[in-house]
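This report concerns only the one structure given below.
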Amino acid sequence: MNIFKNKEKFILILLFSAMLLVIAACSDDAANSDDTIDDSGEDTAGDESEGLSGEVEFMTISLSPTFDDYLNNLKEEFEAEHENVTINLRDVPYDQVEQVVLTSASSGQLPDVMNLNTDFVKKLAANGAVVNMDEAAADVKDTFFEGLWETGSVNGEVYALPWYTTTSGLLYNPDLLEKAGYDAPPTTFEEAWEMSEKIKEETGAYGQVVTDEMHLLMPKNGINILNEDNTQAAFNTSETEEMWKDLKEKYDKGLFPEDVMLGQVKLPELYAQEKVAWWSTGPQLFRQVKDLAPKVYEKSLGAPALEGKAGVQHANPMNIAVSSNSESKEAAVEFAKFVTNAENQLEFGKLAAVLPPVKEAVNDEFFTKGKDSEDATESGKYYAAQQLESAVNMTPPVEAVSEIYKVIREAFHRVILEDVEPAKALEEAEAEVNSLLE
Amino acid sequence: MGQPATDNFEPKSITQFNKDNPDPKDNKQKNTGKRKKTTRMLVSYGFLLLITCITIIPFLWTVSSSLKGAGDAIFSIPPKFIPGDPTFSNFVTVWNTLPIPRYLLNSAILTVFGVVLPLFLCSLAAFPLARINFKGRNLVFMAIIATMMIPNEVTMIPVYLIINKLGLIGSYTGVILPGAITAFGIFLMRQAFIDIPKEIEESAVIDGANVWQVFWKIMFPMVKPMLGVLAILSFIAAWNNFLWPLLVLDDPDTYPITLGLYKLQGTFSANTRLIAAGAMIALIPIIFVFVSFQRYFIEAAYNSSVKG
Amino acid sequence: MFKARHAWGFLSIPLLLLIVFVFLPSIAAFGLSFTKYNVFQPMEWIGLDNYIAALKSNDFREAMLNTVYYWFMVTPALVTIPILIAILVNQKLRGIKIFRLIFYFPVLVSVVVTALLWKWMFAEEGIVNYFLGLIGIDAFGWLTDTATVMPALAFVTVWQGFGYYMLFYLAALQGVPKDLYEASELDGASFWQKHLFVTVPLIKPMIFFVAVISTMGAFKEFTLMLTMTSGGPLGSSTTAVLLVFQEAFERLNMGYASAISFILFVIILIFTVINQKLLDTPNN
């Protein structure tokens, strides 16, 4: 192994200088592509009066092939309306979205219109990669529920249009409840925990469980993650300490399993095995139980979501964002608005059993008729739609949301799994979050 | 690594051994040998079955899940491998929702190049690295090995930028070229070329063969067992590759099967039965290839191992 | 016997491809490690800052320790077990071809199916615990306990990898002449003794090769962790390359991710040299 032989040293030096050249070339590229961004921005601005034109790539997440017809319809309708615009559809598997977006961005070819989850929108927005919707889509802002419009906000500006959304409902197993002597599902977290103890005793199944979404459980119970101007952590309070202490006691009593808390086991799998009495989730996901264990699904019923101390529900929309260096930005923004308008959202909501974050769409009979339905998905849909008015997206409007969430989750896990004092875990998490916000 | 470690080690020891090999066996020894052989056979089968139990699970699980109807639970305790109500409907659904034949054809095209190119190019590079003494050999070999120590995740974007610069985005060439030659393949084939005794090369040269003939007519056929291994590994790598085609290809009609099957995991539903059925469809060609390539590196070698 | 120009002739096309698709990207990645780069904004040269930050970082140190721990469990097993199995399936027995195929199944199964299956096997309400329950052992959260998650993942790796390395050994065994065995059989050597003293020394180059390849594989593993545990619980199954992946594609720290990769590079290099020192023949 004599890589560093004297005679070969100079070749190493050669390689090193080649490397420097490459870096130089790369940074030139970056600078160049920057210029082109500015140019194209001006160009499209100039074209505005002459109608829309250009090619628009629309990237969706795991919607093909189930919704191919719907997406193709959108494409055709829009192209018919704007004859100089071509829409190219591209569907990407959920797990690979980040890699696809980042590699295409590296070559300056970010898809023009993108379906993105909330955390990733904030990352892109903070780096100036997507168009400011408060400005570009000011005209349609009022058609959305306010609490949902804010989903794409970072540092006070909104960078994405809310697309389809979900709020929570409750899918429950009446058999298990009956065995424990209950004839109705819980309505609040407090009640849920009370029932859990009895259910565990009588049936061995879990009732209320803690999932890997501690960052949502806290705001649902009135604990803010960040302070008002989003510059500092605000969750290190006596209420949180109380809550975590309480949950630790419940864990020690065996009231909830750690694999669900860690996200290692998905709740529908436990529910399908009748190992847990209820599952709070969006009604569009109820059917997963149907896939896993049809018999369990058949006897299940739907109910409104559990309420926390804050009395507010979380809604988590998918978002539509537009690339800020799109070559046909005007057309792209117009298409983004088109996809998220009341008519198209309603149609998609019907197809996918999701909720449209648009005020007009949600009053449609489709969402109100299921109230007394026997089918859990139908009734769940009704309850979920009812919540939309008051639902908010609880994601803090900062770039580092996913990192902040991770810090909070892990601090809680330390309390549960490693017996760390809640006060200590919270203090450390607070410091970490503050350094992330710097 | 440096110098080929085994240049003069292995061939010599083999020939020495062979010279000392005594051949006569008397009847007595034959009989005890036979009894020994039967016990050994039984023990071998015992082990083989034990390992089979461990390795066949994923296959059984995939087959059984793909045949389970809507009434059968997938994750049940205790595990149930025999479907209560076996059905081919999952396969039918997969077949009807996705253009399976087209995906298979795309995969076949990508895989043929993904196997043939590495086999040839890696051997081409490995031959001089193993058999020719030249200045810079160590440096070239070290540089190749060194690239294997860098995670692909950080070179992915640079490779993408190069493919983009070459105008190959959206083309099969862009999918195939970065994998046409691999450091791993060179390393593997070099290992195979090193093991060939020097005498074979020398006698070929005396017979008037030039360097290309020595490589192509004499050495290349001799590394068949390792080529078989590399072929299988390249096949699996090319067949299962989905991230790179996803990044490079922009038209879903050109997707290979693995990428196409990702469509079974939709945003709102991930039906395990369909995923299993899809996995079976993708698995069958690999099994077929494995069975046919196995011949090259086992039986072919069986026959030729009487050398010396 | 052959000249340097012959060598370069053979190498020309392979080297051209390697330079374009392997060396240049690697050099670019190395260059990236001295910059701050998030794909969306121009690169910014920051010298050694990424390296300093990595060496100071707890996350990185933990990930590195996890990786070495994983390597320690995986590589020795993957170097030795496949030899035994290769010898086992290299016998002329009826139906041996089918066994070879079956042993190879785990390699063929896709990542998605592997993750689905083993999560279910190791779940608290899973198959492993079910069978342990039958013999009176309490259920245990294999993938949810910081102490057992890495051994469990290492087990999956060995399960999936032994068929892969079995292939190399099988190919190498074909070069071992049959009469060698017969020679030692006459001396009354048992089946395994025979292989230990005859076969193993002869396939030493292949053992070295497998040690190198499986070491690199172990140090670069992350898909298994990403799909089965996402690096948890509490980061206890976050390997170095999983951290690279998260930094690059989830936190957009491309430069930092590169710096981690090149620290890892140096560590793999050291391990490779040790491998060579341990396994190379002395007459080199």
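A, B and C label the chains in the order they appear, each numbered from 1.
Please note the rule applied: contacts are C-beta pairs under 8 Å (C-beta built on N, C-alpha and C of every residue); 3 or more make two chains touch, one makes a residue touch a chain.
Everything numeric here is computed off the predicted structure, so don't read it as measured data.
Could you quickly compare A-B and B-C and let me know which has more C-beta contacts?
It is B-C, judged by the count of C-beta pairs in contact.
Would you identify the chain whose C-alpha centroid lies closest to the centroid of all protein C-alpha atoms displayed?
C
Could you work out how far the Cα centre of chain A sits from that of chain C, in whole Å?
34
So, what's the distance in Å between the C-alpha centres of chain B and chain A?
39
Chain B to chain C: how many Å between their CA centres?
It comes to 15 Å between the two C-alpha centres.
Where in chain B do residues touch two or more of the other chains?
Correct list: 1-2, 75, 77, 157, 161, 265, 272.
Could you tell me which residues belong to chain A and also touch two or more other chains?
Answer for chain A, listing residues that touch two or more other chains: 1, 26, 99, 102, 106, 273.
Can you list the chain C residues in contact with two or more other chains?
24, 28, 32, 39, 125, 248-249, 276
For the complex, which residues does chain A have touching chain C?
Within the complex, chain A touches chain C at residues 1, 15, 18-20, 22-23, 26-27, 30-31, 34, 98-99, 102, 105-106, 123-124, 127-129, 257-259, 262-265, 270, 273, 275, 402-403, 410, 413-414, 417-418.
Can you list the residues on chain B that touch chain A in the complex?
Against chain A, chain B makes touches at 1-2, 70-71, 73-77, 97-98, 136, 138-139, 142, 156-157, 160-161, 164, 169, 243, 246-247, 250, 252, 262-263, 265-273.
Can you list the chain B residues touching chain C in their complex?
1-3, 5-6, 8-10, 13-14, 17-18, 20-22, 25, 29, 33, 40-41, 44-45, 47-48, 51-52, 54-59, 61-62, 75, 77-79, 121-122, 124-125, 127-129, 131-132, 134-135, 137, 140, 143-155, 157-159, 161-162, 177-178, 180-181, 183-184, 186-188, 191-192, 194-195, 201-202, 205, 211, 214-215, 225-226, 228-229, 232-233, 236, 240, 258, 265, 272, 275-276, 279, 282-283, 286-287, 290-291, 294, 297-298, 301-302, 304-308
Could you please specify the touching residues of chain C with respect to chain A in the complex?
24, 27-28, 30-32, 34-35, 38-43, 45, 119, 123-125, 141, 143-146, 229-230, 232-235, 248-252, 273, 276
Touching chain B in the complex: which residues of chain C?
Chain C reaches chain B through residues 1-4, 6-8, 10-11, 13-15, 17-18, 20-26, 28-29, 32, 39, 85, 88-91, 93, 96-97, 99-114, 116-117, 120, 125-127, 130, 159, 163-164, 167-168, 170-171, 174-180, 182-183, 185-186, 191, 201-202, 204-206, 208-209, 212-213, 216, 219-220, 222, 241, 244-245, 248-249, 254, 257-258, 261-262, 264-265, 268-269, 272, 276, 280-281, 283-284.
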